[in-house]
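Presented below are the structures under discussion, each in the form of structure tokens.
Common to both upcoming complexes is chain A, partnered first by chain B, then by chain C.
This part shows the complex of A and B:
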């Protein structure tokens, strides 16, 4: 499973402040801690309050790369901010994200082609997030087809069925899980699938429990990547155990420790 | 129509273990032997690197062997009574590039020689023979704890390979290897889960994974060899997929296993073939070090190996 660390996001108060005040050590520690905890890729989001997303993205990418050699997932609604980051990345990056709208896909896939990146494709469009698995699969197929039209490989696309909070959209949990299963049938080899995990527990009590329960269910349905908080040790333990049960690692009594030595 | 051959590519590789320290690195060995480092299954040169070919070594004991059949003993003539001479013959006459010495003499059933005497023997062996050494105890846990700690000290900085550590008994030997700069043999009973566990227990004590060699248990042809074969393949596949706690080279004690089966005991010539067949099979399942007993078998296997290594 590919783990993308979610914590470098200006939406979080301390990160937002670190971005505004250019506190490098805060960001660099977050980067290093997440990698140490198992993240292979780090999400980089300037946050909703960024007054100058281009400059902030540039500063974040430089700051992170000074302290870590993890790949980056550039997370912004603004293509010019993403491109600012793409100009600087040292390793192959992921763009987070495009919707299934043609105009947005054209812009993002052009960037992906130009900078040789992978892309997260959200199965939503201007009419919003679908209620059903079928509509999600329809949009997923549209994203894959469009990506291939732009000369991208299907397996460089991470399809995101969009997880919604269980306390406001309880019917959507199952739809998302089924969508993950069905996305895998769209192409051969199957496209990658991804979820932004923490959304499932927004506003709930016992957030960590809800997160790890959902993650384990999604992993069993074939999920290939997740944006999550790798510093949540119980979440990571649950993920490692789920992958063990799916025979992705060889068992030993110290299997948690063994996984972390990888 | 041309047939396109499908090749597998793996992301992981086996750790490279270095055995023997020359004067440059503080030891007195004449050469260094590297094992492991490969990123593909044996002899699949198109699929990855095989930087270090497997190595074939002979073994000696520090006392006359009690349970070796005559046909095997005959090869060494009277040198059994002088293990130093025996060791020298293995190196100079039979071309063993690495030598395994089993300190059996201290075993309660093998004469119970004082530990210090066996250690003194090892000390003189280190002076007389200069290839890298694999050193194992007598198999009696209590004796070995004392013996191997002392043996490790007299061989300090020679970068020997010491064995064996098991899931229930690894701490003393690991501590000795850590202190004296040796590598360790981590043994498991034909069980990939326990193999991984022993490796992690040893590395948790601070020994670099590059200083661990796995013994997955050896089984002779006709006596469970296929179980060991599949365990080795499974571990290797995990290593190539990135599991660092199964990415250690393998050692197999071929001679010990073969020369106790009835076919070998009854007919030495069949025993030689039995040892060759067992060894060559293990080469294909990923063996990195083969410890053998019959010089003819060892020579044949080394010859076969050099043919296979021609890319």
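This part shows the complex of A and C:
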């Protein structure tokens, strides 16, 4: 499974401060620590309080790339901030994200085509996040079709069924899990799927427990990627074990260490 | 999910000794502790070294029932030992188990009919444990059909796809998990499914981690019961969280305590 590290996000207090004050060390350590813990891609989000998202994105991408050769996932509601990052990335990037709205998809898929990126497609539109797996699948198919209209490949899209907090949307856990399974039937080879994991435990008391439990269930349903905190060791242990059970890496007694040393 | 406590089994050294020496306290504490931790049913197995399985089963059933009103799951290869227990049980029991072999099914289903029990049906036969989910489903359907021929209801059968140790049969994890899902399509309402969990981690170094990861994946696939160690707190936390995510109990901040106080 592809792990996208979530920690470089201006919504976290320390990171927000580091962006404002241009503290390179904070960002670079976060980049290196996440990669060391298993992240293959780093999410880069200037955060909700950024006064100049374009400048902040430029600085973040440069700062991270000075210290790490991980791929980047450029995470912003603002296409011009995403493009500022895309101009600088050294490896193939991921755009986070488009909704299933036509106007947003046109903008984001044009960027994806221009800069040869992958794209996270959220199965929601102007009417909000669907309540059912069926509506999520409908929007997922719409996203894949639109991406192909723009000349992208189906497997350049990561379909995101949108995980909601279990404490306020408890019926949605099963819908999201089954949607992951059903998304895989949309095309052959199956499209990639992704979740923003931490949202499931937002506002709950046992965040790590809820996160790792949900992740293991999603892995059982065939999830291909997740945005998560790779520094949560118990979460990573659970993920490594789930992938072991699915025969994605060979068993040895020290399978946790072996995975981490890859 | 129905939890069947696995700890009253003569293969464990202390339990074997307690059976031989007729130490009631040891057995009664194990019964009470497992029920307190969440077991609804207690597995009762005289163990591989029992010199007189009939007497041992009789003593175990009487001893447990003197201290607990849990239902019992009578676990023996010997039909006469099972029947000895069935004569004594105060609540509806489960027989653990029959294979998909006709001769074994005839004996076990006759007992089940006579004593009005449920039965665990292992999807294996004289040729061994299947390698594929398809063969498991074929044997599961055979077990359900045979049970119905004997006048049992489909939902009195717990279909067991047979979990194998991940360190020696790593390809079988996915087959077992998908079999759980496919068993549910055999009849409507879906038949019950069960696993003997601890087998998955037999011989591995991180047994609790592997057990709880596999259990959460199986819960995602719709598992209805498991034979496990309810005294493994992390295992129970994972199970409670997985069922929370599937909306099987209502979210509250102290959902772990709330579940345990039910």
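By our rule, the second predicted complex is superposed on the first by the 262 of 262 C-alpha atoms of A that agree within 3 Å, B and C clash if a C-alpha of one lies under 4 Å from a C-alpha of the other, contacts with A are read in each partner's own complex, and residues count from 1 in each chain.
What we mean here is this: a contact is a pair of C-beta atoms (placed from the backbone, for glycine too) under 8 Å apart; a residue touches a chain by one contact, two chains touch by 3 or more.
All figures in this text were calculated on a predicted structure; none of them were measured in a lab.
Trainee: Using the touch definition from the top, say if A:251 reaches chain B (first), chain C (second), both or neither.
Mentor: both
Trainee: Have a look and say if chain B or chain C is in touch with more residues of chain A.
Mentor: C
Trainee: Should A:217 be classified as contacting the first partner (chain B), the second (chain C), both, or neither?
Mentor: A:217 sits against chain C, while chain B stays out of touch.
Trainee: After lining up the shared chain so the two structures overlap, which partner does A:16 touch, if you call chain B first and chain C second: first, second, both or neither?
Mentor: After superposition on chain A, A:16 lies in contact with neither partner.
Trainee: Quick one: classify A:261 as touching chain B (first), chain C (second), both or neither.
Mentor: first
Trainee: Taking the stated contact definition, name every residue in chain A that is touched by chain B in one complex and by chain C in the other, in rising order.
Mentor: Residues 250-251, 253-254 of chain A touch both chain B and chain C.
Trainee: Enumerate the contact residues on chain C facing chain A in the complex.
Mentor: 166-167, 170-171, 173-174, 177, 200, 204-206, 209-210, 213-214, 216-221, 237-238, 241-242, 244-247, 250-251, 253-256
Trainee: If we count contacts the way the header does, which residues on chain A are in touch with chain B in the complex?
Mentor: My answer: residues 249-254, 257-258, 261-262.
Trainee: Please name which positions on chain B make contact with chain A in the complex.
Mentor: Residue list for chain B touching chain A: 192-194, 196-197, 200-201, 203-204, 234-235, 238, 242-246.
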